[in-house]
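Below you'll find the structures, each written out as structure tokens.
Each of the next two complexes has chain A plus one more chain, namely chain B in the first and chain C in the second.
Take a look at the complex of A and B:
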């Protein structure tokens, strides 16, 4: 595209910037294209071919019940919702989760989790159902057992009724298959956790539609922050797409020592767990007999560079519910932005142009970047009340 | 992506290579949204499937490989890297021969926007040669 054309297509926004007066921000065509890639929102509902009850209303109802049911845990005291709390953006506000024992990683938010393809900070699971199964039987988390979950589905009339409606048969005699089915219902429920539209989405849609008056309603500080995000910050190299994550892994210089002399190897260990798991997409429990949805699992490679890499988190609905990062190392969004501004280049061994480097942002720039990150969150609409009666159907 | 589409021909070393008659080497995959690369020993025509490469989305390549002296053409490897950042893909493509110089490479993912270099290793006779092509994804 010629320079001349680029100039003609420059979009100039006259922005009311409150006490600062009016600010002019220009959005050339290539920037509009980059912004466009962060939508549309909400995305189409996910369908997971490896989960035959993905999207099924009865499975969603069963999954929501199970999610809140402490009887899944060994001691009967802990449910998924103990750590993934709806009012805390489906996380728990702790730097590191606390199950039966203390864990080394933070409880991630479950917003938009149905759109992912690797799950957990290390991507040790390749499906939402495989990820949902793990905490139930992990002795450090809920410390339940396969037989115990199967007995619950078989013995509880309401759970059994929802199970029949979702899976078309009464709970069978194979305990492990029942555990997987419970996890698939949990996954169907979590697929419905979609974060709300935000001020950023209105801006993005207005800019793409060429509606400059509507676009100008997006606060000037957020617009300036977005410029840094896509420009000097290069944040969208990793925080790409509608969810602001490419779904892959990176190292942004967060310490990975868990105790003196012990490290969290992140993605490197995650891939080993993935390949060893009988519940991955290549195993017998995937409902996708074509194998097409196992493409990433078949082709993923384990690289030395995976050591100390963690999943790129999505940036929607972060709100102010820190702490942040895989181990809660940073308490606030200001701390996160300061980290990217001052991160030590020595810690980030890179032979090429580094993806993460100390940005040296001014205090104003940092405030703008925080304003932009905040604009990716909004008040979620109230959830519809869960189905309590199974009934006929 | 537009810039990549415009770059129809990239030659790693094009010296002295007479283009074969179309009948000798089918270039159909290189037409339109595809690409053709050639070197002293080999000519490779290919296109992605789906046609538009999206950041983070798996894609395949359909390739046609010919050699200059009509040695049997073999596609040895397909890989890609971001030369600016010195990292490759997180996925290892597999190659399925489809006969008569045609191949299919599955499991490629460009997980970041920016400049990628596609490296295609072709065996022509006893020599293996790398042909490289630049693709910009946005």
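Take a look at the complex of A and C:
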């Protein structure tokens, strides 16, 4: 520890940058400490105490099967995977999602979703299972129903078999409890969607270990972009930690009218839905009888600032997965960086030093920041095929 | 609760000649002292829609400023009985951080003051020693000359400087300076001509209950607070109804006479006269 600290007090890296030649970047100790906070990756597997089958292989198998089963929808034509497509980073590439009807928000990626504590762009759910339940019964999305899902679990022999393996009993007679169990299995599956290690992770680990030669393999443009990300940009004030998000909510100056005379109230509306939901962590369906995991839900407060706030997304696997922002308002990663470079402070209400302000980045700085953001993505390894037979595995 | 609300309404109606029809206006009327209707709102929330929103919210009167002040005129033209005009020292919302050093500002204000009637100058943003810049000093002078309130989004230091420049100034402290209630009370004790708006604050109320500290402030100075929604983006006009509902919830946790003053009477007494 003392060796790398001494080395990193003022570290000069010889950076191999291909056609750019060699570049020197200094990484003082405070910056190394900040970079260190963006790892390690992958993180420990999440365990949700409110979901008794979280991490259970049989529940994961059931959840994956349900995730791809269009029979969950009312019309039998749409599964979770219709919008959360594995080959599109678990999103759909659209600016705004399309369920049974057109929706007002973008389909969020599911990468690393198990690591969050609020779910949905508005945080209307405080668990992944509660969030997974919502689109199934939302008339604008999959338009299924509680009874429909319960009947499917009870009536389909294969699903029934998977259910027994996951929950230890045959599907019962309580429709709503079965819907919740289906959602908990879906959550168990989604908790396994962990994005791959990236060039940034190799750089971070090398820097922390004091392996300057390995760290120097990280492209110079990405390093310069990282400097902006942590420095002038102050991006890591919200995009911090291994997932590059605080998991909370912000208004970053994106308009939130959805149509003339109507707005998406974001977190403010999400809070109202959260507190009214029978499926929140304070409700009877939480398996955490200690109540410890409901602390955030119990103490959450509404603020005027919540109006028009949306969840701060993680930045891993951003790559070319646009459009971006909660409503697909920005088409490309370059547009996102340009937005933060030119955002109007008038749209943002803050006292003192604002977290979001126009950065006024040069074209080169913007390109570097994009290079850094792209370095947070990598090709995921191929997924093993899902189990088709209940007895397998 | 229903009875107390009813009594509150009857008392308000008796005291203020408030004789609106049944509906949202059966509730405690509100004087909203912190609204903006700037250039980017005019098309997406047209003036008549603004007035519909205010009526639906039970906002009987609203003090409005706008960058570049034409928005205020547009609303006055549609609903002169509701809109209380405030002169904003910004021609576009982008001047929030440049106005204090803009050499063209004062002629702009003097021209408007010569042509139109206003009740206050603001909301302007100024902090610390910047409150001694020439433009700010001139704005204080203009306020004195024309008998206007200063609506200052500022820290306590800037408020001190306003009163140093003109001990007789009348200052509406936007957002109560985002200060703790103890500090707000100290400022109110120090300056008899200081009033506070509660726009964008939530620290004073939670789940319909007034927070300790703030309760003491409201009870000690029931004549010195007003409410406000702060429609600083066009979207926020669609928050006015919910904000009014939220305000009535926490106001109901105060003695009825105090609630009535903060909700409406203070705003009407200070800014609504001579309409």
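In the analysis below, the second predicted complex is superposed on the first by the 383 of 393 C-alpha atoms of A that agree within 3 Å, B and C clash if a C-alpha of one lies under 4 Å from a C-alpha of the other, contacts with A are read in each partner's own complex, and residues count from 1 in each chain.
Keep in mind that, in the parts below, a residue touches a chain if its C-beta (ideal position, glycine included) is under 8 Å from a C-beta of that chain, and two chains touch if they have at least 3 such contacts.
Values in this document were obtained by computation on a predicted structure and should not be read as measured data.
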Partner chain(s) touched by A:199 [first = chain B, second = chain C, both, neither]: neither
First, second, both or neither for A:240, with chain B first and chain C second: first
Contacts of A:252 with chain B and chain C, given as first, second, both or neither: neither
Dominant toucher of chain A (residue count), chain B or chain C: B
Chain B versus chain C as contact partner of A:307, first or second or both or neither: second
Contacts of A:299 with chain B and chain C, given as first, second, both or neither: first
Touching partner for A:260 - first (chain B), second (chain C), both, neither: second
Contacts of A:214 with chain B and chain C, given as first, second, both or neither: neither
Touched partner set for A:34, first chain B, second chain C, both or neither: first
Partner chain in contact with A:282 - chain B first, chain C second, else both or neither: neither
Set of chain A residues, in rising order, touched by both chain B and chain C: 301, 303, 305, 351
Chain B contact footprint on chain A (complex, rising order): 1, 30, 33-34, 37, 236-238, 240-241, 246-249, 295-296, 298-301, 303, 305, 350-355
Residue ranges of chain A touching chain C (in the complex, touch as defined): 255-257, 260-263, 265, 268, 301-305, 307-308, 344-347, 349, 351
Of chain C, residues touching chain A in the complex: 38, 44, 49, 93-94, 96-97, 175, 178, 200-202, 206, 230, 232-236, 238-239, 242-243
List of chain B residues in touch with chain A within their complex: 2, 55-56, 58, 82-94, 106-107, 109, 111-114, 138
